[in-house]
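Naming follows writing order (A, B, C and D), and every chain is counted from residue 1.
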Amino acid sequence: MSKEIIHTIRVEFGDCDPARIVWFPNFFRWIDAASRYFFVQCGVPSWQETEKTMGVIGTPLVDTHSRFLRTATYGDTLDIQVTIPEWREKSFVQRYRIMRGDELIMECDEVRIFAGRRADNPEAIRALPIPAGIRALCE
Amino acid sequence: MSKEIIHTIRVEFGDCDPARIVWFPNFFRWIDAASRYFFVQCGVPSWQETEKTMGVIGTPLVDTHSRFLRTATYGDTLDIQVTIPEWREKSFVQRYRIMRGDELIMECDEVRIFAGRRADNPEAIRALPIPAGIRALCE
Amino acid sequence: MSKEIIHTIRVEFGDCDPARIVWFPNFFRWIDAASRYFFVQCGVPSWQETEKTMGVIGTPLVDTHSRFLRTATYGDTLDIQVTIPEWREKSFVQRYRIMRGDELIMECDEVRIFAGRRADNPEAIRALPIPAGIRALCE
Amino acid sequence: MSKEIIHTIRVEFGDCDPARIVWFPNFFRWIDAASRYFFVQCGVPSWQETEKTMGVIGTPLVDTHSRFLRTATYGDTLDIQVTIPEWREKSFVQRYRIMRGDELIMECDEVRIFAGRRADNPEAIRALPIPAGIRALCE
């Protein structure tokens, strides 16, 4: 079982394109914030902290699959429901359902990893085993 | 068969996050530009034009599936290879392969529609049948 | 006298650059949202509405002057204090003070106009006289 | 005397807002890239390099003053003319003129510093004296 966290955002004028609807990369901006917000609400420290304590510098994406069902526009308030329905050995699935009231606007399943720097090349990253302490906080 | 168009971008300092790698929503920003660039290179007029001539206001996303294989950072030059491998009745698949030289950084398959405004509510959009003239330009 | 409205934002991981501080164009993203939020809180309808009722399509910038005093990073909560200290004939000054608690992070004075479409070319815009009804709501 | 470097960008659909003109924070995104591009074209290494060799992690803004003269929209190609008209002891003025052909769209004067990390707190930054080697490359 996973906790469910709701991250609420307002759609701004500048988030919309000349067709007057949300320009879709902004959905991924909000999803990335919602991913982080999930961990914060579960009690996981900032990546700045975890880099020092366990070498985790963030949770980059491996795979993302999204469906866009309805458009949204500025003035809308959107609730992003976030869960982690699946933990794998070195990755996890983070799920998002973006709602405007009862309407589903967009849904997204991501595969993310906990990333650390590589010893031989600090500019490169590698997938770490799921930190047990972080997982426990999220379930 | 589809034409293949290459859209080249530079990764900027501000495109990268505190982990010093491209912040992933920026990949979607570039992909959206590459999608448009594909049509421009094939000779399709701007959406401002097509709105007047055939009611097409743009090509919003219905579904997107991406895999992230390698990280990129600022200073990198990336080539986005764009094709349309599949045409359906009211949608099409647009495919992107983002390369740094010979290395595949990210790949993405999108389902997009040609959108028009709805007669009963100009703020809402609907999927139009694939405009034959546009398809002919892209093949 | 002007009303003062406070628009609160969270700084996200993706808002920061490889130097781990807010990438400055994001301050302008927040300021633009704060500008709009000011009008909403004062009771001014959405630009979609005002376009129909009085031809106002938005409040584009003419001039902006900003000073950056302290850096901010992800995890910070910032309060943007918004006022309109000056009304001119066809423009107004909108002022922002971005605070983290008692610390001033950034301050910005903008000159904006109320823009309408030009009769001879709907793609071009022109400055409208300050709408008295909007001004009354903001004072 | 300063070198003048021209950084060329294309305005994309997603760079424009519901008023169909460039959403202004994007001008600052381009300016920030143009600032960096200026140094690259002058032969200054990446900030990743300079952090190791001289402790310079980037050139954050202290002050920026911009005037917006004409609107731009998607499909436009813009040339950003970049110079450094003034060097001070611990800061410099970087100037931008954004042109569409012969038309001046926007102009901006920035005060930037060369930033290093503070010894007592690596998360905080401080202004370094202008590195003579970098200045020589830019004149």
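By definition in this document, a contact is a pair of C-beta atoms (placed from the backbone, for glycine too) under 8 Å apart; a residue touches a chain by one contact, two chains touch by 3 or more.
Remember, it's a predicted structure, so these values are computed and weren't measured experimentally.
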Comparison of B-D and B-C (more C-beta pairs in contact): B-D
Recurring contact interface, reference A-B, options C-D, A-C or A-D [over half identical by residue number]: C-D
Where chain B and chain D are represented by their mean Cα positions, the distance between them in whole Å: 28
Whole-Å gap separating chain B and chain C, where each centre is the average of the chain's CA atoms: 31
Two or more partner chains touched - positions in chain C: 13-14, 17-18, 20, 23, 25, 29, 32, 47-48, 58, 74, 123
Chain contact topology (line, ring, star, complete or other): complete
Chain D partner contacts - residues on chain B that touch it in the complex: 10, 12-14, 20, 29, 32-33, 36, 46-48, 58, 74-75
Chain A-facing residues of chain D, complex: 13-14, 16-18, 20, 23, 25, 48, 74, 123
Interfacial residue positions of chain A with respect to chain B in the complex: 17-21, 23-26, 28-29, 32, 47-48, 57-58, 60-68, 71, 73, 115, 123-125
